[in-house]
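Okay, here's the structure, questions in a sec.
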Amino acid sequence: MSADQGTHGYLADKEKYLVRLKRIEGQARGVHRMVDEEQYCIDILTQISALTSALQGVAVGLLDEHLKHCVSDAVRSGGDVAEAKLEEAAQAIARLVRS
Amino acid sequence: MSADQGTHGYLADKEKYLVRLKRIEGQARGVHRMVDEEQYCIDILTQISALTSALQGVAVGLLDEHLKHCVSDAVRSGGDVAEAKLEEAAQAIARLVRS
Amino acid sequence: MSADQGTHGYLADKEKYLVRLKRIEGQARGVHRMVDEEQYCIDILTQISALTSALQGVAVGLLDEHLKHCVSDAVRSGGDVAEAKLEEAAQAIARLVRS
Amino acid sequence: MSADQGTHGYLADKEKYLVRLKRIEGQARGVHRMVDEEQYCIDILTQISALTSALQGVAVGLLDEHLKHCVSDAVRSGGDVAEAKLEEAAQAIARLVRS
């Protein structure tokens, strides 16, 4: 466990996120197997859509925790660090919205 | 190998898709490991955005092949099958655009 | 009315699309007014999300009609035109999925 | 001008947003006109993709300002208001990512 875990908002729910990501890993493996077994294209696409939604759910959850902990801590400290954290979060949001 | 492989447009590039999906599986495993190692939230989000983009790339490629082969074959045959395949493709596109 | 309207799949539902797009235009004007009246940021974002969803709905509908008519006609004719139409549709789908 | 303008982060750039939204309104009107003039489906879809991207750009910008001002102010004040603002922002982000 890292020394600065207090700054990572998602750690309170770490086990929950690990379970979700393990399932996502399984979904990715499943898509690979479907192609390997030459399954029907539309069924594969349905699985990819489900996988994408699951990933977006994790991303939105992580970002939520990040704003509530890491960014909020920085805002309360103020100064350049606060500004940098807010800018960094804004860029992460932009990447998620556009991906 | 399935008997009806001729209907799956992506099979000409099957190996290419398997390589891409193996890489995606590795990316998913990497995101799990980052959370397990309690890495920085924004770095995890960056990896999730990259993974989502890679998945969308595979989905768009599969759909492209599906239109060029399976749907085109059905359209040339005509009738209810053509209509059903077109409707099915439209729904898959809608799921991808909204996910 | 254009001479080649028969190739545009959406024309059977032209009036329906015009109504939806007129409403979308009104939504865009509404977002502009909300900013001009200095309304609450989150309320503006909610309207933008609704507007984006409405646009995606129109795009998916137009693409559906395009596949069912223009692309299908080309596929039945065969040759280079079919290939070009399929490639063009694939690129439009990629743009929609990524936007 | 509203009395509580200080809480709206986007107001420093209000004119810039109004210009962007006026352009978006024009793009929406352009899509309507393209359908009315029965233009080619793929060209209409290209315009819709551009319009969606422009809207996402405005949304990401507004959200950025909202985090930097309204949410940051609430976080500095602390208490239930801070929590409510963070939750509200998280939900707006989720809507944007999924739309």
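Labels A, B, C and D are assigned to the chains in the order they are written; within every chain, residues are numbered from 1.
The rule is short, and it goes like this: a residue touches a chain if its C-beta (ideal position, glycine included) is under 8 Å from a C-beta of that chain, and two chains touch if they have at least 3 such contacts.
Protein identities per chain, from UniProt: A, B, C, D = Metal-sensitive transcriptional regulator.
All values reported here derive from a predicted model rather than from experimental measurement.
**Student:** From the centre of chain A, which chain's CA centre is farthest?
**Tutor:** Comparing chain centres, C lies farthest from chain A.
**Student:** Just to confirm, which listed pair, B-C, A-D or A-B, duplicates the contacts seen in C-D for more than half of them?
**Tutor:** Residue-number overlap above half with C-D among B-C, A-D or A-B: A-B.
**Student:** As a quick test, compute the distance in whole Å between the mean CA positions of chain A and chain B.
**Tutor:** Computed value for the inter-centroid distance: 20 Å.
**Student:** Quick one: report the Å distance separating chain A from chain D, using the average Cα coordinate of each chain.
**Tutor:** Using C-alpha averages as centres, the distance is 22 Å.
**Student:** Could you tell me which residues belong to chain B and also touch two or more other chains?
**Tutor:** Counting only residues that touch two or more other chains, chain B contributes 53, 56, 59, 63, 89, 96, 98.
**Student:** Which chain D residues qualify as touching chain C in the complex?
**Tutor:** Chain D residues touching chain C: 1-2, 5, 8-11, 14, 17-18, 21-22, 24-25, 27-29, 31-32, 35-38, 40-42, 44-46, 48-49, 51-53, 55-56, 58-59, 62-63, 65-66, 70, 88-89, 92, 95-96, 99.
**Student:** Under the definition above, what is the set of chain C residues touching chain B in their complex?
**Tutor:** For this pair, the touching residues of chain C are 53, 56, 59-60, 63-64, 67-68, 71-72, 75-76, 78, 82, 86, 89-90, 93-94, 96-98.
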